[in-house]
Amino acid sequence: MIKEGDKVLLYGEDGSKIIIRVEANKKKGTHLGHVDMNDIIGKKYGEQIVLGRKRRVFYLLKPTFIDLIFSMKRRTQIIYPKDASYILFKLDIKPGDRVIDTGVGSGAMCGAFARIVGKEGKVYGYERREDFYNLAKKNLKEWGLENFVELKLKDIANGFDETNVDALMLDVPDPYNYIQQCWSALKGGGKMGIICPTTNQVQEVLERLYEMPFIEVEVWENLMRRYKPVPERLRPFDRMVAHTTYLVFATKVNSKIGGVFDE
Amino acid sequence: MIKEGDKVLLYGEDGSKIIIRVEANKKKGTHLGHVDMNDIIGKKYGEQIVLGRKRRVFYLLKPTFIDLIFSMKRRTQIIYPKDASYILFKLDIKPGDRVIDTGVGSGAMCGAFARIVGKEGKVYGYERREDFYNLAKKNLKEWGLENFVELKLKDIANGFDETNVDALMLDVPDPYNYIQQCWSALKGGGKMGIICPTTNQVQEVLERLYEMPFIEVEVWENLMRRYKPVPERLRPFDRMVAHTTYLVFATKVNSKIGGVFDE
Amino acid sequence: MIKEGDKVLLYGEDGSKIIIRVEANKKKGTHLGHVDMNDIIGKKYGEQIVLGRKRRVFYLLKPTFIDLIFSMKRRTQIIYPKDASYILFKLDIKPGDRVIDTGVGSGAMCGAFARIVGKEGKVYGYERREDFYNLAKKNLKEWGLENFVELKLKDIANGFDETNVDALMLDVPDPYNYIQQCWSALKGGGKMGIICPTTNQVQEVLERLYEMPFIEVEVWENLMRRYKPVPERLRPFDRMVAHTTYLVFATKVNSKIGGVFDE
Amino acid sequence: MIKEGDKVLLYGEDGSKIIIRVEANKKKGTHLGHVDMNDIIGKKYGEQIVLGRKRRVFYLLKPTFIDLIFSMKRRTQIIYPKDASYILFKLDIKPGDRVIDTGVGSGAMCGAFARIVGKEGKVYGYERREDFYNLAKKNLKEWGLENFVELKLKDIANGFDETNVDALMLDVPDPYNYIQQCWSALKGGGKMGIICPTTNQVQEVLERLYEMPFIEVEVWENLMRRYKPVPERLRPFDRMVAHTTYLVFATKVNSKIGGVFDE
């Protein structure tokens, strides 16, 4: 039952998506007509509301986390669902895990980790820019995830406060400068994921990784292609996102014997 | 501290991976030499063991879920990490969710759901072949996830026992025959993901979806490309997995106005 | 030496491309300033002209065939260089070949064939719409290729006038309806290429191909990805063309033994 | 009519391909049975021969250039049809062109150029290794293209003998070391294509290109995906070639104003 204060995704009959917070006696103007929030209160998710004489329809949905991050306020490059989901899986994130995320940016990845690690785990979010720090704080509160994340306004050049974390995600412009700090924060066998939009960053990161006790070094990129869902003319959309970032993964070990041995 | 009964991933200096269950006074023969399990007990993850005169090295790692599904006994096509992770994210799986998975096959996707929904959620796994049912039971036990999954040896032609589930994954040879049963099991706004290896299956599934109250119908495919992690000669591997499956997603609504309106 | 009547590609210092036909005593207004064509006459390809006080630069280039087709008047979907070039190679087009192209559309593919088959070969272009026929005629003349192409305003339902052609390209909305006509026109061992934008068309075309004596049946798609040519931040462009068409190829044989035997 | 001395592609009913040179009174053993060449002489392309009691069938085809390069003797990495065809199109190769190809390797790209430039054009092939030089000579003769190619056993460090060539292809391990030599050989507005298997080579090549008067600098990669040609289960093959090379293109101009201006 939808009630005041809930976030609701209005999914229009034309495929449009609008996220609102339900407030009694308020109206929201949209391209399909005015939505009277009193009409929403008491309805269930999956039901519809019909607007005006033209009887335009909105379906009432609970926003998914993907809906939330695409509609959030942000000032940074968003992490794409295709990359966020693969990182969660490769870093083997599960309830109870302790995870470092840096830089936090708008907080989307912090939120993605937080939803899974839950109240028995913890996400430590490091961000050195105050505006991003405040934005992420706001976004995480908005998503109801603020209790699972400890945000820190802090430069990582001098390392992290935590040790023995299960996993760490590094998303900064110069990731090759923090490989040692990351190694120190991870537990033995802990997993690291690194965002590298350019091939040059991948090259430099790999060089640094091979200087430290890291194994299982992998580099991936992920091309998601979407199809027009028309059964009698099934074909991909004309254009697609061709590139977001390369993903570098590595596993910490305590010490390493000589030589690069990953294929 | 590694102890008897633990599963340990031996990660060889040559990139090889072997998963063992630690038993005192046992040995395991490998291509790098004999591993004496007594040498492992008491060590920590991230440490190494050194074998024989040639001093070949294995690192001791806790297997990730990806490691486990790639090493499990299976008789079915495996679901790839690239697809499994995207499904988890698109179906918005989180702790506490109730999820249906059918057909269960070797149990990998059941396990992936179970790890996240945790003890406050539940995975309902439907499988009609007894050999797969038994195999999945064994695999889930092996992974310590059997308490989060209720496995059922049952045909889904007559529908599911559950209603109001948060999400449902359909992975059977003829998915277009079960769209109505899936709709009935989902809650309003619930998410469905469908595995369709061929374009013909996608076409038939789309036709059925448009006959029912489903919205947000999307079709995706996911091309993961891996790079040789060599900093001075960075380039993709020569060959890659070109196709596993198309992924169809849809959201249940309670009723639908006329016409196909998804783009 | 550039002279009156030549087509010249003005390649701007900002990467812009403008194709002009040089006429004495004429000016062409552009976003970089006015181009006085008298300044171009007598210059060589590869030289530059400098415009006005701001000294903006255009390089003088001879337009390539790709430049020409991207700048031509057209009313149809263009064939992309990635697809056109692959078709030329798979159909094994060489000087002296006799080739059928249908439907002709704006004439780009006719032109691509004509440039290679040369004066000892011939391209037969079939088009049933008069507006396209006229447009193609105009474009081919524009490119100086009209003598190598015999354009026909004609429906192909009743077959082609030619037999024993070396190769044939079929680019119509319902290619599956003309497979027999194509077979009749080809020589033994002749090559056919078919444009199929949707998976449904591919499926229908394959069914028809297997009913006739065709072998070497292949289906391809071609994903070209372009990179930002910045050495210190090398990475793909953010977006790319995700789909133009599937390409189906087949080879005519005179008769066929039973069964589908292509892998 | 097939006669002695012709090269014939035997295309087996199982999709196998064998290229033979027809000689009277000779037999060729194959996995489908013994082929008596006397049975081939006098037949036409597109016809079939039937072998032995099991009545296995071979179709008689004229080998395409793709067939020839895949069956040639080679000691180098082959250039793939997807790349070769795109290079021909981007370099705007047409009858009468003068083209440099270096390094020649097995001669496949020389042959691809030669087939198009014809007897009014010329291909200049530079190769510094004698074994490759001899191999390419042999292959070109085999393909009947030796008269269109002038092969030179020569290092390109001191430049090329030709000037004002229409196009040039550079395929050596250290392409960044020869950019100036290439510039000198090209005519104004001439096109260059460079093979760069690694991102590091692309980066170095781009740096050198920007130091010289080159414009229209582009970097591409080409992903060809093949589908199983089964109409009722249409889907890509499971695996594909993920990478062969990056392709860098550039156009020579006579002099250049300051700064990198390609996007």
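In this document, chain identifiers A, B, C and D correspond to the written order of the chains, with residue numbering beginning at 1 in each.
Just so it is clear, a residue touches a chain if its C-beta (ideal position, glycine included) is under 8 Å from a C-beta of that chain, and two chains touch if they have at least 3 such contacts.
Predicted model only: the values in this text are computed from it and were never measured.
Peer 1: Any chance you could check whether B-D or A-D wins on number of contacting C-beta pairs?
Peer 2: Of B-D and A-D, more C-beta pairs in contact link B-D.
Peer 1: Turning subunit C onto subunit D with a C-alpha fit: angle in degrees, nearest 5?
Peer 2: 180
Peer 1: Could you put a whole-Å number on the gap between the CA centroids of subunit A and subunit B?
Peer 2: About 21 Å, centre to centre.
Peer 1: So how far apart, in whole Å, are subunit A and subunit D when each is placed at the average of its C-alpha atoms?
Peer 2: 45
Peer 1: Mind pulling the residue numbers of subunit D that touch at least two other chains?
Peer 2: 199-200, 202-203, 225-226, 232, 234, in rising order.
Peer 1: What topology does the chain contact graph adopt: line, ring, star, complete, or other?
Peer 2: complete
Peer 1: What residues of subunit B sit close enough to touch subunit C in their complex?
Peer 2: So the residues of subunit B in touch with subunit C come to 199-200, 202-203.
Peer 1: Provide the residue numbers of subunit D that touch subunit C in the complex, in ascending order.
Peer 2: It is residues 11, 13-15, 44-48, 57, 59-62, 64-66, 81-82, 84-86, 88-90, 92, 94-95, 115-116, 118, 187-191, 199, 202-204, 206-207, 210, 215-232, 234, 246, 248, 251-255, 257, 260-263 of subunit D that touch subunit C.
Peer 1: Within their complex, state which residues of subunit A touch subunit C.
Peer 2: Those residues of subunit A that touch subunit C are 197-200, 225-226, 232-244.
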